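Working notes for the structure below.
Which chain is which? They are A, B, C and D, in the order written, and residues in each are numbered from 1.
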């Protein structure tokens, strides 16, 4: 934690910031940009997000067993980058994300099931120019649990829009990652102060287990409990 | 500058981030939330932004003399805060911004002229739920020069949307402010790396002076030059 | 009814169009552009909407007695019309709707109460460039009951967006009006076929009376019943 | 033409409606929903749009030879229709448009080239929940020429949004079609009165030929002229 954080946080709390906004009634899991171009540390955009992917995989299983929606995002541009606007000018290395490139595929460690939505976007926010909000509303989702990368980029932008689009917003501290620790911490700080609650993956799992309102059918609850009691492992 | 910034910046630059996206053809000035509730340091939301207001006042004069649009934002809620969604739950002190309160008025030091647009918003981004984009497009604006507060809040959110809405985005380093230095610097770092160019107010003034494409009529150019040669003062 | 309507409607119904989408759980009333510029038939934009205003006034009372939100829209442009884009080029008579003009005021017959939201818009859809959706979501509204004018203009555009923004959409046949009968009927036909249910004001009143889910408190129910039994009059 | 149209039109014109808004500086061609599900008259959603497809094919060639962008839309839903919201409830036959179905493919007669954008949407407007606007802005497009189907559905909704998103809007009278003549004519009437200019495909071709500003390179101009002089045929 940067040395300014503790003091600023105390100042914020004394002034009516950073109150918990909590969960609503029905959460969905949003997995932001865990695609090869970002999760393979040999690419210019990439980093090592192994532990964050492991946390995401556990949450993925828990959401599936709870019958709750999961949405993944990817970034894809046309061959001529004509759909990248000023963004590809500012960050030319985005050019490795051409439609059809393996870089645009969701990481195998959290492979989407058929029927789970994978949204293609061109910009930072998962909401911008996509049907994410429309889909979530159709599912009566009012809470978004966010993992992915990077904290200072697409995660932050998606979290701000998540609040603006009226979702209770939860960012999973150990499920989001960045290329460097400084921006990671600074952005979690801002998010927790102003846009959503920053909590651990285990806290989300506990919420799912405890919630009577989170859409468990009696069938899936037993299934969920069994998985829980066996140690909450992601599937091999 | 936090100790992580230099190293991370070098890493970014080596990997194709943080290239300058520059100015387009016609800039507008966006003054974010320089309203009493934020500029009076005695309120729970407020800070001392005197120097940033002075920089903004100079830019305001330069944009007026150049015949270029200026837009101001304010934040206003209904008496019952029913238009504040999860945001007013997360930051209860936003409650001082009830419609009609003096806190919602633009600071006198940069008072809008009749005919300049003041946009009321409820959330962080100046674009969310407002006609900002629509207005700017109608004016053929393709570049947004941003001042205001706070860097880590509404300025950052507006800068991200500015890029997403296809504007060349310029954030004025000495024209934006925050309650604390840590979030201020960390957010300027992210913005400059990914969303827009972070430059000084003087650099913007120089651009305006030098630009043949920035909408000067022959009349206003002389007026602008006179003001420039007299020391670029904001009006008394 | 134009002679093509019956036949086309039968064709539609045989092919899986025009199914009722009904009410959701919590309706709001949206009163589109019942402002002097449109309701005073002496203006170039105006027509005689007395009967539609009377229907709207009854619904207004019923929604108030039910504790359900009401939103009004108006259209307002800057003095130089710079916020009117191509729209004011296509329909120059929109120029009578300058901010501050009496033409922009909601008609006295359905005067908003303090605390009821009046949204200013520049275009046809009540959702475009406004915080309408944001406000409704904050109130957990999932159904929009629409009255106002004109059927072929802002009512149609708002009804299409209402569906797109995930609201159950109800257009009140005798609460919406147009300058001419042809466009009025043709647009109600399209709306009922594709976007929402077109029903009478009395059907909406019956729904409100019968609904156990529409947000009545025990207090307001008695009040509502009394008003109902006294003949459903709008207040003098 | 329905008998109300002439009279209403005269009334409109006398009152400052229906002025031509014309072309801007750079047009794109938007081909709305000319997919098998709509162009094969044996489906419940379909009709015979052969002549409109032929007009579109000629425009397609002209836009390609002019180096101007072309965008196509399709409608696609998830297997469980969970991304169709209230729309698939109102029009259950939309269920034939499951992702992967041949019904969702653009008609062979106007097959997109690799590199031309095909946008997938879930609702009526081509702008809703898509990156259409973002893409067009990145190309500096300010004018949208619209063909496709149906006039009373997705064409109308897209034309209204086209105006709202600040585009000069041109709807090609003989390039758009509907299942029935009544709604077709009534919607062209509304569009021409309020949202955009309704002109013929030949008028668009003449504009492209005559325009010095429409993006012709010297190379493509000769190519365009040759094609023009050979009879403006779509390729075999």
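Structure notes:
Keep this in mind: a residue touches a chain if its C-beta (ideal position, glycine included) is under 8 Å from a C-beta of that chain, and two chains touch if they have at least 3 such contacts.
Note that the structure is predicted; figures quoted are calculated from it, not measured.
Identification of common neighbours of chain C and chain D yields A, B. Looking at A-B alongside A-D, one finds more C-beta pairs in contact between the chains of A-B. Rounded to whole angstrom, the centroid-to-centroid distance between chain A and chain D, based on C-alpha atoms, equals 36 Å. With each centre defined as the average position of its C-alpha atoms, the distance from chain A to chain B rounds to 29 Å.
Residues of chain A in contact with at least two other chains: 85, 123, 128-129, 134, 137-138, 164, 166. Touching chain C in their complex are the following residues of chain A: 134, 137-138, 164-166. Interface residues of chain D facing chain A in the complex, by the touch rule stated above, are 69, 78-80, 82-85, 115, 117, 121-123, 128-131, 133-135, 137-139. Taken in their complex, chain C has these residues touching chain D: 2, 4-5, 7-8, 11-12, 15-19, 21, 44-45, 85-87, 89-93, 95, 123-125, 128-129, 152-153, 156-157, 160-161, 163-164, 166-169, 179-183, 186-187, 189-190, 193-196.
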